[in-house]
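Since the structure comes first, as structure tokens, the remarks are kept for the end.
Order of writing sets the labels: A, B, C and D. Residues in every chain begin at 1.
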Amino acid sequence: MALKKGDEYVASLKSLGLEANVMGGRARDLPDHPLIAPSVCAVASTFDCAHREETRDLFRVQSSLSGEEINRFTHLHQSPEDLIKKVMMQRYCGNITACCFQRCVGLDAANAVFSVTYECDQKHRTSYHQRFREYWSRIQLEDLVVDGAMTDPKGDRGKRPKDQHDPDLFLRIVERKPAGVVVRGAKLHQTGMLNSHEMIVMPTTNMIQGEEDWAICFAIPTNTEGIKYIYGRQSSDTRKMEGSGRLDVGNPTFGGQEVMAVFEDVFVPKERIFLNGEIDLSVKLVERFAAYHRQSYGGCKVGVGDVLIGATALIARMNGVEGASHIRDKIVEMIHLNETMFACGIACSALWHQTKAGNYEVDMLLANVCKLNVTRFPFELARLATDIAGGLLGTMPSAKDIEDPIVGPYIKKYLAAVKGVDVVDRMKVLRLIENIVAGAGAVAYLVESVHGAGSPMAQRIMIGRQGDVNSKVDQVKRLLDIN
Amino acid sequence: MALKKGDEYVASLKSLGLEANVMGGRARDLPDHPLIAPSVCAVASTFDCAHREETRDLFRVQSSLSGEEINRFTHLHQSPEDLIKKVMMQRYCGNITACCFQRCVGLDAANAVFSVTYECDQKHRTSYHQRFREYWSRIQLEDLVVDGAMTDPKGDRGKRPKDQHDPDLFLRIVERKPAGVVVRGAKLHQTGMLNSHEMIVMPTTNMIQGEEDWAICFAIPTNTEGIKYIYGRQSSDTRKMEGSGRLDVGNPTFGGQEVMAVFEDVFVPKERIFLNGEIDLSVKLVERFAAYHRQSYGGCKVGVGDVLIGATALIARMNGVEGASHIRDKIVEMIHLNETMFACGIACSALWHQTKAGNYEVDMLLANVCKLNVTRFPFELARLATDIAGGLLGTMPSAKDIEDPIVGPYIKKYLAAVKGVDVVDRMKVLRLIENIVAGAGAVAYLVESVHGAGSPMAQRIMIGRQGDVNSKVDQVKRLLDIN
Amino acid sequence: MALKKGDEYVASLKSLGLEANVMGGRARDLPDHPLIAPSVCAVASTFDCAHREETRDLFRVQSSLSGEEINRFTHLHQSPEDLIKKVMMQRYCGNITACCFQRCVGLDAANAVFSVTYECDQKHRTSYHQRFREYWSRIQLEDLVVDGAMTDPKGDRGKRPKDQHDPDLFLRIVERKPAGVVVRGAKLHQTGMLNSHEMIVMPTTNMIQGEEDWAICFAIPTNTEGIKYIYGRQSSDTRKMEGSGRLDVGNPTFGGQEVMAVFEDVFVPKERIFLNGEIDLSVKLVERFAAYHRQSYGGCKVGVGDVLIGATALIARMNGVEGASHIRDKIVEMIHLNETMFACGIACSALWHQTKAGNYEVDMLLANVCKLNVTRFPFELARLATDIAGGLLGTMPSAKDIEDPIVGPYIKKYLAAVKGVDVVDRMKVLRLIENIVAGAGAVAYLVESVHGAGSPMAQRIMIGRQGDVNSKVDQVKRLLDIN
Amino acid sequence: MALKKGDEYVASLKSLGLEANVMGGRARDLPDHPLIAPSVCAVASTFDCAHREETRDLFRVQSSLSGEEINRFTHLHQSPEDLIKKVMMQRYCGNITACCFQRCVGLDAANAVFSVTYECDQKHRTSYHQRFREYWSRIQLEDLVVDGAMTDPKGDRGKRPKDQHDPDLFLRIVERKPAGVVVRGAKLHQTGMLNSHEMIVMPTTNMIQGEEDWAICFAIPTNTEGIKYIYGRQSSDTRKMEGSGRLDVGNPTFGGQEVMAVFEDVFVPKERIFLNGEIDLSVKLVERFAAYHRQSYGGCKVGVGDVLIGATALIARMNGVEGASHIRDKIVEMIHLNETMFACGIACSALWHQTKAGNYEVDMLLANVCKLNVTRFPFELARLATDIAGGLLGTMPSAKDIEDPIVGPYIKKYLAAVKGVDVVDRMKVLRLIENIVAGAGAVAYLVESVHGAGSPMAQRIMIGRQGDVNSKVDQVKRLLDIN
């Protein structure tokens, strides 16, 4: 049966026995760790939604590989409608979790690897595509979470992979064996890797002659020997560990997660390799994964934006200013910006094309336009939310003080706003906004919006390439009768 | 046969015998008037495209009313694909004409009237829908140009139609007769009305009790007795009349047109009336027409944007700075903004719904988001184009001076740029940019982008209404466990 | 001797014996508390600068009250140059502390109270001015830190002070005695109050008839009986308490501080009262204090901006991309925005006027323009810094992991960038940027930039009032010969 | 007597007998030419203001050369106050003329040449400074208008002056004679040159070895033999020639002017040469002139902005929407942006320094920041004005139609707005706004705001150079204890 429930997912995750270094110590039983548990909950919600009445139609789809009903988060897109539903699903998940739910990256990687392996086989007479179909069939049937690992440490950004003073700064093959290869290197910014069963590792950039050892794509279980995980800090992360006073954490249930993964001479068996030295395909893989993932941001961040807008409207209501014209105007502006990002996510889906391998791909130009807007608008939404929420965002007492017999009553007296509004509820809303604009949630909503799926300059380069300036110039020449 | 060619359109237009006051004089033979001819050419291109090899598939479609092959500019949208193709077609037309091609407004009006009359009949037992179907069948079969006339003079913006000191400031019924009604009033900002065979007149805002006389929708020929046309001035309009030296006009072939139409007790026969006092439907008609027309701006202005980008890239190339990083960056920014508007036009089409009457309608929220972006980004594109084009935009000698035996050679000597570029070609490109950012073209590209299909505040109000803030607030309450 | 050194200041602060509720517990010896100590250091720097060779001229000035040499942070501005030097001094302090140094608010309050009391005396025959002169002479001579307390809780923002369901939601007089008054209420967002010797309490808005009890201004020592302090949380605040691994704190030495102060029936002796029911003066006091304080933001935040720009340029250098054109362009943009804010701070100083009381005041319009820019540009600077700094801002391992024998070496291997750059140095720079854009520093740099000295709408209202639209309209009428 | 009146200026201008090619014909009596007369009026206002009661103090100043009372437009700045008063005077002139009044460029050139010649003499033992003092004394005493001519045609922007295919594309010395030099080349974008008695010609960029012939600075009368003038077109320029119906011209009295000046082997006598091959000084001259002129934009464009704001507020009032919150908000935004530019103009003046030659110079960094803001904000002001003014900006009938017996009454009936407002007055205001945002006035307000005193990239380069990134980096290193 292909469709796990959330708790089944958590159980399966625990059985992997993953370990990590977390803030100076060695941690086991990660899904129970207070820093990590909220991020597991976020992933779990992608499973539960496939079982809830109101969302099961959106989250379930028939597999093109097996014909089975599977979770859409493992689907190879079979129609334009699939591309649009993906964005809808992502917006929904962002909306209910108010954070990064971590499961898109594997979905986007799979769709890219699917078509790239097909084209590689056609060109180089390799047999990666069939391998990948078999691999991914299992992922779908077992309803697994797969991380897509792309970003290398990159060292000196002014130098190519092969020219780094330490060649491991881009993950590479250090040994080729009959049964597989041995790889060394690291992948940074791995959102949710510790909540995944598997990972697909991809090169981070186009590769050129002499860089065959870096042009490698493969999939392995996250608990493969030789992989070390080092947990990444987030703003206000330790609030998750403060025990009582959950209020201060902002987002009471969900959260994101980032990890640095080190590959210390990890063995990858042959049947898990999907690219191995075919440098001409590396750039295709990067661009396609990026395009799908840039589309994703038109859904997930919009969903978080919905929460930020809702929280902002709610605090305005609690403060008694909901009807003020400048407040209404700012909320309209927030909606406008949020929906503009959404429109880009939908539009790159609506202008689909089918790949040679048969799955569906987004319009590359608009996917990049989508993400470039996502690198900008959330900061403006954050500014407007900060404006409406008021100074308490940065000055509100700890939740622990509410229970203090001396100062607790003062907090309740003096943080009261519109009559009838519970002060603690008001504080919850403020802490949620703080979480998104300047706390742990800001890692996903602001930092990741800038850098996830590629930094702004990466999108600009693609827009320059895809924007077809020459045909525009030609049209002007025709209009003006210029040779 | 439903599909006229451009010259057949022009001939049919001439046969209407329209007259207008143009800059202080009475003009006949309007399609030959040098001020007006470019705008006729722009409309004519919408006919010719249905006959050109490379565009006929996009511009032709099967009528849902007659089954005949018709021009898409008269089509009632029958599928999501139709909505997207409409935007594509508009972008194409904007791209080849670099101006407003004037034919969308009737298309958008027809699709709105089609569904509103259906719902009116259902509610009020009227029979407008069948009337409109018959009327529009003829439009399709004869391939006519129809203007959509909505904007009333509005007088004191702080007062409702019925409270104006002069009740005619909103067009209204002044007499009801057995065979029809007599109307009085005016419609402003009528883009291309003088190039149309017919017009659909609609109310400009929602109407309330006591305003039944203003809740009127009907169609009449443009040469109906009692209608007076007063031509609107545009920046640099008289360059079109300077005869030789066409270079200075900027856009050598095409142009837009605006007119003020006065209805001096015009008789409208019964069978041409599609709304008559049903005040509850007036707001629906306004909102739907506006939504379709706001979608349109995500196509047509993007097409003009393509020209502006192309001209900017071309002048950069002619100036020898095409490769400079800041130039490339600004052109990428122009493309990004232009494609963001396009994405909104596509997205509101992709999130379609079918009306009760059977035709397809865009997503209202995203259509308004689309237009609101169009009220902003063209100004930024204009600024960037001005930046790259250089100061000659505002200081270049007249084309007539090029032929002057004394100064002509100096112009050619000193306005030379990169070797091999013809100076006159360079001047053409500069004049085209000037036309769009500060000349006659700016009326369509800047002023109309702000006010066409409703001013920015109209979009903001709709976004506020459609943005569903309450469901966002509810989601936050669920997340935070707030009652 | 008027000029304390930093350590003398700290000693004097300790002698006050202040206590506060801090995150659920009662804290004494505040200046030694790890959460609070960095903020004490920031204030102390304002003392030390008056003794350092390179800054003593800027920080020292002759008192207009006593003729003694005093710290400029206690000065009543005696010349246009004083106003400009104030901004220079603030930029300098922001630059060396990278945070809020907390000492401007009292300076700005004093200059406002100085002129308002003078005018009150003239109008109402009160004797506040002489009282204030005496009070402030002592402040100058003892070189004390004075907080300016303005912001009331405000409850329902839709209601006036007298109409709140709880009248204490704006601080007010609850009893009038021969020797003084008793006040009750609270002041929120009190930056640095716990690091101050004294506070000047002011009304938060204009008062109208019936609100005489709320129109009160006075000064009292911070350790006055009946005042309760509740410490405000900041993003990532507890990193200051993590002991070793100071690296993660971002700003290794300095920090800000916010507190909520409750006035539980506090007695204010007569000779410390500077306004008592003169409602017509309350709005003047608010506007003047706000104007001075909005000027301040054109200095202090610019100084923090300098740090953010410097850190961004440094990380670009460490990453090997300093010379990339898009990086240079973004840094230029950061400088441009930062200097625009500075220009506004300088300009409102340069267009000074002298008050009736003799001290110098900034131009109100430009001071509000200054602050309104400060509510916007830091978010853009933060976005650009985030862009250049890269994803590690949100994913970097804890400093504690660097010393881990297993993962420490991996961190050093894989976070290496340009050859020769120490990895720990690189991490320091990233943590500093994180601190300012999404950590404890963001409270001052982003939240306070929006709300400190009044929220954006407050500035907009003042700009509308001061912008003199009518004289612009009149000039247009003259130009167009319109009556 | 040093202070001409406006009509004396016009008379003196006529006596020069200048001729120009204007739109294909040879024109004499330029000050009477309908295209040119408005620009003469604008310059004349700078003379009249020195005689009007309310402005004489601002416009008159004592000469540092002769001790005589002179017009400030010819003054060498002798104090910080002079620098600020210059900006004030420019704002005033912009405000009363609503256009470019053309007289700053010579003022800015003179102040730059004054200090550069001094330093050149010190370094190269030349004697330019004394020459220039004598020359400029006469300018002051005769109250002459002097154009500053800098911008060369530049040909291929990717090549240096000496590497152009035509060496004349940068103005240069083609022959050196005992009594002087012969120059050839052209200067573009010469605002108001035809309204000037004299011109100071300067190099347009830094010069390097081998470009000594291009490193030339001199002054000559505008009616010097060998100079050819070719008039530049502006948007809607011919409206000035339409005779009756002055209403359509928008700005009824004033206007700008641009000309291309060709130097066909023009002889420059020795005593008028102020730089001749000293390449190391050319960059200083360019930077200083640019800095003064970038300061100027913080005055003149702000003055035009005042008019645009006033006209926008007036049309809102006439339309009955003055009190709508979104209208008020947009006008506040216009004021805010306008005053931000002004603040930059004032600030670069307030942070003055004295040159070695003794006159006062603005802060270079802030002067560049000032101008960079001017390349942006006017477009936003134009967008907001367009928004509030409404669609009539692009569709309003010709003024000639108002008098038409048939349609005139309709225009008056249907363009009526708030009761009591004269329709013609309303049309005047709309035409004025059109003039500034998309007509002849847009050349000065938009195109010139981008390119005058150097294009945006020129300012960015200077900001990068002057922004002192290294000291910011050093400060960060100190804070973080990084070597």
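Just so we're on the same page, contacts are C-beta pairs under 8 Å (C-beta built on N, C-alpha and C of every residue); 3 or more make two chains touch, one makes a residue touch a chain.
Please read these numbers as outputs of a predicted model, since none were measured by experiment.
**Student:** So using the touch definition from the top, which pair is joined by more C-beta contacts, B-D or C-D?
**Tutor:** Per the contact counts, B-D leads.
**Student:** Farthest from chain B by Cα centre, which chain is it? Let me know.
**Tutor:** C
**Student:** What's the distance between the Cα centroids of chain B and chain D, rounded to whole Å?
**Tutor:** Here the centre of chain D sits 37 Å away from the centre of chain B.
**Student:** Taking each chain's centre as its mean C-alpha position, how far apart are chain C and chain D in Å?
**Tutor:** Chain centroid spacing, chain C to chain D, equals 40 Å.
**Student:** Can you pull out the residues of chain D that are in contact with at least two other chains?
**Tutor:** Correct list: 326, 329, 460.
**Student:** Enumerate the contact residues on chain D facing chain A in the complex.
**Tutor:** Where chain D meets chain A, its residues are 325-326, 329.
**Student:** Using the touch definition from the top, list the residues of chain C that touch chain D in their complex.
**Tutor:** The contact residues of chain C facing chain D are 84, 95-96, 98, 251-253, 306-307, 309-311, 313-314, 317, 328-329, 331-332, 335-336, 339-340, 342-351, 365-366, 369-370, 372-373, 422, 425, 428-429, 432, 460, 463-464, 467, 469, 471-477, 479-483.
**Student:** Quick one: in the complex, what on chain D touches chain B?
**Tutor:** For this pair, the touching residues of chain D are 21-25, 151, 153, 155-159, 165-166, 168-169, 185-186, 188-190, 228, 230-239, 245, 248, 258-260, 262, 264, 319-321, 323, 326, 375-376, 379-380, 382-383, 386-387, 390-398, 400-401, 403-404, 406-407, 410-411, 413-419, 434, 437-439, 442-444, 446-448, 450-452, 455-457, 460.
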